[in-house]
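First subunit A sits with subunit B, and in the next complex the same chain sits with subunit C.
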Partner chain A sequence: MDKKHGKQSISFAAPPAMTATATVAGPMEGDGLLGGQFDRILEDNLAGQDSWEKSEAAMLEWAIRTAVARGGTLADIDFILAGDLLNQLMSAHFAVRGLGRPFLGLYGACSTMAESLLIGAILIDGGFASRVAVGVSSHHDAAERQYRYPTEQGVQRPPLAQWTVTGAGSAVLTQGGAGPKVTAATVGKVVDAGLKDVNAMGPAMAPAAADTLWHHLQDFGRQPGYYDIILTGDLGQIGKKLLIQLMQEKGVDIAANYEDCGLMIYRDDQDPHAGASGCAASALVLCAHAYPLLVIGRLKRILLIGTGSLHSTTSYQQKESIPCIAHAVAIEA
Partner chain B sequence: MDKKHGKQSISFAAPPAMTATATVAGPMEGDGLLGGQFDRILEDNLAGQDSWEKSEAAMLEWAIRTAVARGGTLADIDFILAGDLLNQLMSAHFAVRGLGRPFLGLYGACSTMAESLLIGAILIDGGFASRVAVGVSSHHDAAERQYRYPTEQGVQRPPLAQWTVTGAGSAVLTQGGAGPKVTAATVGKVVDAGLKDVNAMGPAMAPAAADTLWHHLQDFGRQPGYYDIILTGDLGQIGKKLLIQLMQEKGVDIAANYEDCGLMIYRDDQDPHAGASGCAASALVLCAHAYPLLVIGRLKRILLIGTGSLHSTTSYQQKESIPCIAHAVAIEA
Partner chain C sequence: MPASDGSEGQQEFQKWYQAQFNQVKPKPPIVKNALWAFVVGGLICTFGQVILNYFLGLGLSMKEAAGPTSAVLIFLAALFTGLGVYDELGRYAGAGSIVPITGFANSIVAPAMEFKREGYVFGLGAKMFVIAGPVIVYGLVTAFVIGLIYWLRH
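The block that comes next holds the complex of A and B.
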């Protein structure tokens, strides 16, 4: 049974269902545009832990446990797939070490929610699993001190910077079952447009998003209007404009039904600069906002394009440009 | 078609074939026990690059390109799966950015070769791909300065320390095709035995290896003697002894046909202390040593148990214990 579809896409013969999701977010995210839609909002960024990193791991564990508990138990979960932005996936590993289920660690930077959904769907549609839990997290303060400066230092952020989302999202995929279906996916290539400003990740990631979206539409012979909404992960204000322009240059107009998760988290007066970023940006928008709309049929078809900036502080210090990736997952009611 | 097999194992209905491998190693590895079996040995650890990290990425790119060229072209490759030890998978991302193929980034620390083989086999046996390239790398100097101290500093290594292998290995898996078959896999759980000494990773990882091996044997109803050889990734001298002991406590004697890749790379007089470690330890032993023996039928069945220590410098500084994982892949001639 050949499920390859065109050059870099796959389709699912028996599309797995997203039977549950769960989200937890930080106080700033709770005060933002989607505040009313999260399952849980932290009182502060530490959430009772003694470090930001442990707070992030605790959020991810809570999200996975909560999603799994909505219609099942941990013992029913064949595999957990997770990742995050911290070196060596610190949050994911500490989140799952008490869960006692087989685990696969993934790294696609902020594209990891899409990567985990597509590999989860492969496991189920391929017959290797009945039930898979996926989850990702990010944490503003933990990410800032790893990638840039400790937030206590109060360094002024450049105008193109995006604000890493504090939060975690998890989804459960099941063979059969009720819920929106993961119907197809397009696996991204690493695309490096030569940009070097790690404070402007949106523009760096836009060419990777354009490449994946273009191939997705080509592979399936679809127009952008096939989807109610095309959602990129965290291109932010500049990256979103650039993606629209890059697609226009290919003769594809996405302006009518395209949104970026990075612009759906914070209110403008929260001053996130160019928008939100982080693994949790797309995870929160998908799991807290789009998922319920798919369940009630308000949305019929969405394409989530997770976008990831794959640089490290070392690659930056060695004056390398920024390799980026984008993975697309089609979810249909 | 249910390919789940017991609690945490899967079996492949149409086992993918390993149709090619390629390896490159550093000078110390070239001077070691397997020196004559590598495809390429670097003259120095920089290999013409201006940093150790770029040297590692160049090795991985060379290994993937070389394995792929043995019986095909890059255009035939549906997906590349890769990972390494560097923060944000720097080596993997820079290795593949020029290859132009769909890419999935994986992180399982030193277990990543086994993780990539099992996900690659899932993609093929599930019908999502015809040909997948997998690859991993590690680099002694790059790993030391990221995890411990810059090697220029000349810090004395503790007796239980292992020596991170400089090298890269890649394998091509294909639907059908001639070559040893990936017949089954067992996905590991994150196991944290509470150990905190990051200079003694072998003992920390042994309980994870024991858990995965135990479940593999249980899930398939096999005895250790089913395999000509059971190969763990990089438990080293102490971890190897501990695994034998842990399995004995479960009533399973593996002493007769068990080896650790970490003890197959260096000669004792090269003074690696407790053995070799790093993603490349198991990749070099599998791709350069075991693979040819499987091809000519000298080995009939092997079980590769990749072992990974999932700590980070941050988790260590925060006084956390070491979460570990082990993934098993059965390869049969």
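The block that comes next holds the complex of A and C.
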């Protein structure tokens, strides 16, 4: 048990390396803050497919194939770990259908990128695999129609609402190898702060992020300053504010080196309301933005805290509050 | 701050957090939204009046002109939903474009367009009324109750 730290954390004896990443984004994301950093930008949200769901699956398949091709072949991949937001992980299952590699589907809502990195690193450090490909996707239109309204419905979004990112990101983890290393992780608990407003997903997730971050710092005896940047997945403007407050209540000041991936995708004039959300929010920021900075050494240590809101359309129609989760993964150059 | 994990103190935490959330929750711009709704809703109704006057001018009675007027408005709302314009309008106008009959048309055409991919029967046919269905159900219930009151009083 020497790899387990404190109550919820683990560290890796031989930290797996992130040897490659790949990203693909929708046109709105391509026009946003990270536009120049994506490997591929779709011309429209359908990208030649006949449904948004197929478009999402095609993006995820492309991202995984592209990441894997950067320094290897599919045949070398021991396991693929992937997930998305659609019912029964439709995008992930259809994306890997043609890849012919052993696959484990993961659902952690928008925390899935962190969750898949965490489990991928465990597989490698545990000696069960030497190469693992992870990937996640989300699609604005496919998510809207599953969780909210038809996209052509003339509804007014409240200022709290966030915009689901269209995109997919993938990374390859290997035993040894060159690249930033996944050194430690903290597995989150399901935290229910009692919020019921499904437009308030960022605020609902902030307590889960605070719980995971707090335990991460406790379990390793670290200060927030240990990391160059702490990135949460998709808390948005209000969730970010609440997380800073929650950590302040615990006596930890994170304001100096904390940012939310949900605020790094869109420009304000793209009118995303409270920010971006979706599995792809953290995946795009990590794979297209933070990863290259880690590779060139501009960033030395980052903590990615994937945040997921685990409600379903059934649960909120039954007036349940929103259970949330957050997983943290430390990546060091 | 109460503890956020474990059942003990969970309710206290939720109460405390709801209060924290309410403090930072952004308020919708009510005045701006109401102005947009007033102007757009008003314009749609004024346009409806123009169409009605046209039909009246053709010599139709008030009762006869109501049907074709609604049909024209519904057709235009369906067309603009299909062109991807109506949802953009709704984003700003809110209730102003939902309450008139055009909003009702939009709420039927939008799911119909979207669920066509699941086929004409269980997709388009079944999902077309996901939003308009409740409006029809409770519209009928209300009409029935009002009718009952009217019948009892006369």
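Note that in this section the second predicted complex is superposed on the first by the 332 of 333 C-alpha atoms of A that agree within 3 Å, B and C clash if a C-alpha of one lies under 4 Å from a C-alpha of the other, contacts with A are read in each partner's own complex, and residues count from 1 in each chain.
The criterion applied here is as follows: a contact is a pair of C-beta atoms (placed from the backbone, for glycine too) under 8 Å apart; a residue touches a chain by one contact, two chains touch by 3 or more.
Worth saying up front: this structure is predicted, and the values here are computed from it rather than measured.
Contact with subunit B, but none with subunit C, is seen for A:104 once the two complexes are overlaid on the shared chain. In the superposition on chain A, A:51 makes contact with both subunit B and subunit C. Once chain A of one complex is fitted onto chain A of the other, the partner contacts of A:242 are limited to subunit C, with no touch recorded for subunit B. Once the two complexes are laid over each other on the shared chain, residue contacts for A:200 go to subunit C alone; subunit B is not touched.
When the two complexes are superposed, the chain touching more residues of subunit A, out of subunit B and subunit C, is B. In the superposed model, A:189 lies in contact with both subunit B and subunit C. In the superposition on chain A, A:158 makes contact with subunit C only, while subunit B stays out of contact range.
Once the two complexes are laid over each other on the shared chain, residue contacts for A:223 go to neither subunit B nor subunit C. Overlaid on A, the two complexes show subunit B and subunit C touching the same residues of subunit A, namely 50-51, 189, 191-192. Interface residues of subunit C, counted against subunit A in their complex, comprise 1, 4-5, 10-11, 13-15, 17-18, 20-21, 24-29, 33, 81-82, 84, 86-87, 89-95, 97-98, 103, 106-107, 109-111, 113-115, 117, 131. Residues 50-51, 145, 149-160, 189, 191-195, 200, 203, 207, 210-211, 238, 241-242, 245-246, 249-250, 274, 321 of subunit A are the ones that touch subunit C when the two sit in their complex.
The residues of subunit B lying in touch with subunit A in their complex are 1-4, 8, 10, 13, 50-51, 53-54, 78-79, 83, 86-90, 93-94, 96-97, 99-109, 115, 119, 122-123, 125-130, 146, 186-192, 310-315, 318, 320, 323, 325.
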